[in-house]
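In the two complexes below, chain A is the common chain; its partner is chain B in one and chain C in the other.
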Partner chain A sequence: MGAVAAGIPATPGGPAPPSPAARRARSRSASTRHRAAGREEKWLPYVLTLPILATAAVLIFVPLGLGIWVSFTDADTLSPDALTGEFTVENYTKLVSDGAFWNSVRVTVVYSVGSVLGSLVLGLLTAVVLNRAFRYRGLVRTLILLPWAVPNVVAVLVWVWMYNPQHGVLNYLLTRLPLVDTAPSWLSSPSYSMLAVIIVTVWKSYPFSTLMFLAGLQGIRHDLYEAAAIDGANGWRQFRDITLPGLRSVASVVVVLVTIWSFGEFTFIFLMTEGGPAGATETLVLNMYQRAFRFFDASYAFAVGMVLLLLAVAITAVYARITRVRW
Partner chain B sequence: MTKTLTRTSATATALTPVPAGVHRLARLCRAAGLFLLIVALVLIAIFPIYWMLVTSVQPSTSLFSWPPRLVPSDGVSLGAYTEMLTSSGLLGWVGTSIRVSLATASISVVAASLAAYALSRFSFRGSKATEIGMLATQMFPGILLALPMYLVFLRLGLVDDVNGLTLAYLAFIVPVSATLLKGFFDSIPKDLEEASLIDGTSRMGAFFRVTLPLSAPGLAATFLFAFIVSWNEYLFARILVRSAENWTISLGIASYIGEYVTPWDQIMAGAVLVTLPVAAMFLFLQRYLLQGLTAGAVKG
Partner chain C sequence: MVAALAAVLAAGCGGSGGGSGDADADADAVTTIRVPSWWFGEPGNRDWLNAAIEAFEAENSDVKVEGYELAFGDYTDQVLTEVSAGDPPDVLHLTLTNIGDFRRIGALAPLDEYLAESDIDEQTYVPAQWEEPLTVDGTTYGVIQMIANYTPFYNVDMLAEKGYDEFPADPESFYAMVEDIADPPEQYGYAAMLRPGSAQQTYLDIAQWVIANGGRLARDGEVTIDAPENVEALEDLRALYEGGGMPLDVDKSTYRQMWWEGKIGVIFDGSWMMGFAEDNNPDIVDRLDTAYLPWPGQATASTYQLWAVSEASPNKEEAFRFIAFLQSQEWQKEMIETTRAVSPRTDAMPEGFLDENPWFEIFDEAAREFSVPIMPPELLDHGNEVIRIVTGAFEAALYRGTPVADALATAQAEVEAVVGD
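Moving on to the complex of A and B:
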């Protein structure tokens, strides 16, 4: 769902709406002039939002609710019969002692932390460079944003080709480097597959952090740097004491969003490793998918899904907290 | 930033007696360092894309040559493109994807603009909750939606159906579209609408004749956004579509992965063809997306 998510944080855009009181006053004065229009104001918003609420109810809340229900049943087929299972909490007691489940919890954490760190560091570095004035900056900016515009499946294809152990360009370039004589078989190696998957995730997602940081940098007041320069602070001190603190709120938004996306990531991992080799890249999402479509154990898959849901809710709560403080 | 930096060095020169030559050398080193850093960052970003292009025009005989040809020195061949366009399922997948994406984007824009207008112009009971709810739909992993949807769609006969896939896409694209559009509507002054209300136009009349035409760029951006998301989507398509004749473009080109013999030149040619239209839209769009994306985060 990465690409969708790329658009979400849009909410707080635009100028602040006038206070409700002012709005009420205005609509009241309009309604004295036009009684019909005034009555219209009462029901119109509900009519306008009805389509979207109905869509959400039928297509989001019903499936989510069903998922919660199925996780508490003994359904073991992936068919509509799964909706008529008997109530039990066995799936959850089974989870506690399931080694594969705990492995995927660990893998999810490693994958998310790696993706977030990579995206954060590369994004910040790129943003700081792009924030300087140099010739062809516009062109460089566009080039650096390109990975974001590449469809996820295409990104996977290109990287799988580059990772190819025999003919891949990546191993060729690596062996040309001094001091490197390993040519890992990236995707089929238990020790390198996680790195390989994280690299692709970071490559696709860091332009988002770059743009966020770039906007953040432009929001830092210039006179702070001038004052620091007069006080004799060098470039590094200025970066540490002005730039980094100034980017704190942007950084926290980036961290939470990239965490959420990597939590739910399916396409990259599924197409590159299917969670393998030997579970080395099997995140909770992949674990859930394999439970459902390889073992057809619907209720157990949904129990894994509920853990995923709880974690997502927790991260969302953090996000809501950060954004409420800031916005 | 540069201005500040030059001023820093100017202050430094004034304070500490450093020979002018040393100073110039330091500045030169810094410029060279910056240049190398820019080159490295650009390479990280575009090398995979460059490699996709180079592979796609490589004559298939030199595809597996070692060392790999970093530039197409064995000549340029468009054979992979003609092969992809004539004897693969590519055009069929593109057709399906266009159908799904157009339907998703059109319905999304209509449904989302009504809701976004209501949220932007009225404060009514539940408006805040609706807004938060729309955001929340984006926060949980797609598979939590896709899997139960699969069970429901099985019962309704919507699995392996292009309309079913469209319906699934609407579930998570309509809320984002509404969020985006609300931002656009918020930026259009209310005075214009109010003027036409005083002239006796109805609310909806004002919406259709004043606000909607003014937000044409926003509507276009939202349409393109919804189009791109459905064009690129893989998870829901993978779960809800079975037979090859209903494959979208994502499913089609992903199906080459894991084949026993992999014609990488053709796959890369297909990848280029699939990427070009959406990447162009995306680059056009990112400016609009960004306004919405960053406005909040920067204020703090």
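Moving on to the complex of A and C:
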């Protein structure tokens, strides 16, 4: 029987080494603590996210569920009484033959595509500029980001005056260009009103794209450009073969976010044209608003909203698949 | 959609200063009634309203009036949200074009038992008070607060400079005058709210032309949007717009300001504009005058602003007491003097007022002799949707080049489908 087994200290003057029984007990205790810690780690994320989930449930999921419910009734208003209405699918069958609804779908797609493309292109261009070192770069960066800081309503009021066909600065400058005889009535022309609204939307949203792309550009390794330059690649080749692939994941995020935001955009269009002229800028959101708050037809408005939601989810899913983004 | 429902739920949970009275409360308790109105934000109008509130509270110590401003353009949205949440204002300030929608959803309380004890009756009030949309199937849901008639309000000097000593008495002369006065961008002959962005205001201006030309959007229970008189009226308005005599793409508040600054020769607007001109540019007041519309019959589009009581209000008696006070002979005289609005009372013209303000006589006469409701009763239950359809049709004619007849034919079919539901 060894000294350790006999409980005799292994070294003179030191503490007695633990007995096998004590070591087994200690091991069991450690194992228990480890399992407990494992259970705690398993539940901790859920506990920590509980407050935000509860908030989201109250402010998003519950109203969303109620909205879906109301869309299957004939409720006129958004009152709690709407939930007790008779079940009907009439709102959805009405959508199929509603010309104004399909016009809104078309307008929404055009507006969304235009806003996303404009924001993407302008954001990328400005990010590339800001990624270079030059004098007064800080000032230029501030000016480029300024539209983001302007309140939406203020921006719209200023742009409405800029678009005025007789007194606005835009037409004043346009008519001074060679070969331009007449300038458009921006907000009262069905052809130009959508362009006018898209311009304002892009002007307001491109700083976000700029910041995202700038962060992405600064994550691309410089030695790739050096190597490309040594191999004889010019600026365009470097941009096409290094920069764009390097920004792919950033671009996918920008596209998804700006698309979702454009689907829900209300302020610009409502204040500039209220969906006119003659429905030329009436997106699904405007259509919903008219139905709910002007025509007092809440259940139909929610049916339109459901279509809008499904459209946004579908487009997001398509983008995610195309760009193979793992969420 | 989610935000809207969340807002309604939050509004319903919110505490409210309105309707705080309790029927079983101590007799000394003060009942607070909530009264939102755009008048609280308009010069002259708010002076009258605030003075009336102060006087009412002095005479009715058991009632406190919590008046607050809601902009005209936002009024329906905000009030509808409060109604939906079950916490509506006690007194609603509505118009001819939206009372039908509010009545349709059951938001308005019948007022007959209160009216029976007031001095608002067929001897003291205009006949319209007892017709649709205020009185439907024998039940009254609103009390006319003021009558808005739209007649030419013109700048005498601007017309005189171009050789017009009197306002034109026929449409062709009127169109010629507008083009003669116009010198864009410095000044224009006529202005109307034709910029996309407010269907309600555009409809008011479109309806003026239709009614003045003898047209109607509905007659004898039938929808008549594509009637020849309507087509002719809107073709003339479009021609005037395209002729360059009108400012383009300006909203109503902007062209009203241009008018009282002497940059627009004539607008078709209400009597309250004199009050606005006095407040903003007193120097121009002596150069302003009114005239009959230059169409045979001088039919003027007329709309009402009216008071109603919420069906869900727990303070209906107090709310109507306040309405009756505002519409009393004494305070209607004050309203005319302060705001220049036309009263629905037949006994409220202040002595000497017409002598001091001869321009007002046409508005008063129009209210009693020539006024035609701006929205036919057949269409009032879906007033807002009809407005949207009609203005959309005119915008298609104005901006897409669609023939007016075709645009109105499309509107005819759409409105028939709506009111037929």
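Keep this in mind: the second predicted complex is superposed on the first by the 251 of 327 C-alpha atoms of A that agree within 3 Å, B and C clash if a C-alpha of one lies under 4 Å from a C-alpha of the other, contacts with A are read in each partner's own complex, and residues count from 1 in each chain.
One rule holds for everything that comes next: a contact is a pair of C-beta atoms (placed from the backbone, for glycine too) under 8 Å apart; a residue touches a chain by one contact, two chains touch by 3 or more.
Since the structure is predicted, the reported quantities are computational estimates derived from the model, not experimental observations.
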First (chain B), second (chain C), both or neither touched by A:148: first
Touching partner for A:302 - first (chain B), second (chain C), both, neither: both
Touching partner for A:63 - first (chain B), second (chain C), both, neither: both
Chain B versus chain C as contact partner of A:239, first or second or both or neither: neither
More chain A residues in contact [chain B versus chain C]: B
First (chain B), second (chain C), both or neither touched by A:290: second
Contacts of A:83 with chain B and chain C, given as first, second, both or neither: first
A:167 touches, of chain B and chain C: first, second, both or neither? both
Touching partner for A:190 - first (chain B), second (chain C), both, neither: second
Touching partner for A:312 - first (chain B), second (chain C), both, neither: first
Shared chain A contacts, counted only where both chain B and chain C touch the same residue: 59-60, 63-64, 66-67, 78-80, 166-167, 271, 288, 292-293, 298, 301-302, 305, 308-309
Contact set on chain A toward chain C in their complex: 59-60, 63-64, 66-67, 76-80, 163-167, 185-190, 193, 271-280, 288, 290, 292-296, 298, 301-302, 305-306, 308-309
Contacting residues of chain C [partner chain A, same complex]: 1-2, 4-6, 8-9, 12, 76-77, 80-81, 83-86, 101, 104-105, 184-185, 194-199, 247-250, 382, 384-385, 388, 391-393, 395-396, 398-400
Complex contact set, residues of chain B against chain A: 1-5, 7-8, 11, 15, 34, 37-38, 41-42, 44-46, 48-49, 51-52, 55, 63-64, 66-68, 70, 111-112, 114-115, 117-124, 127, 130-145, 147-152, 154-155, 167-168, 170-176, 178-180, 182-187, 194, 197-198, 200, 202-204, 225, 228-229, 231-235, 238-239, 250, 253-254, 256-257, 264, 267-268, 271, 274-275, 278-279, 282-283, 286, 289-300
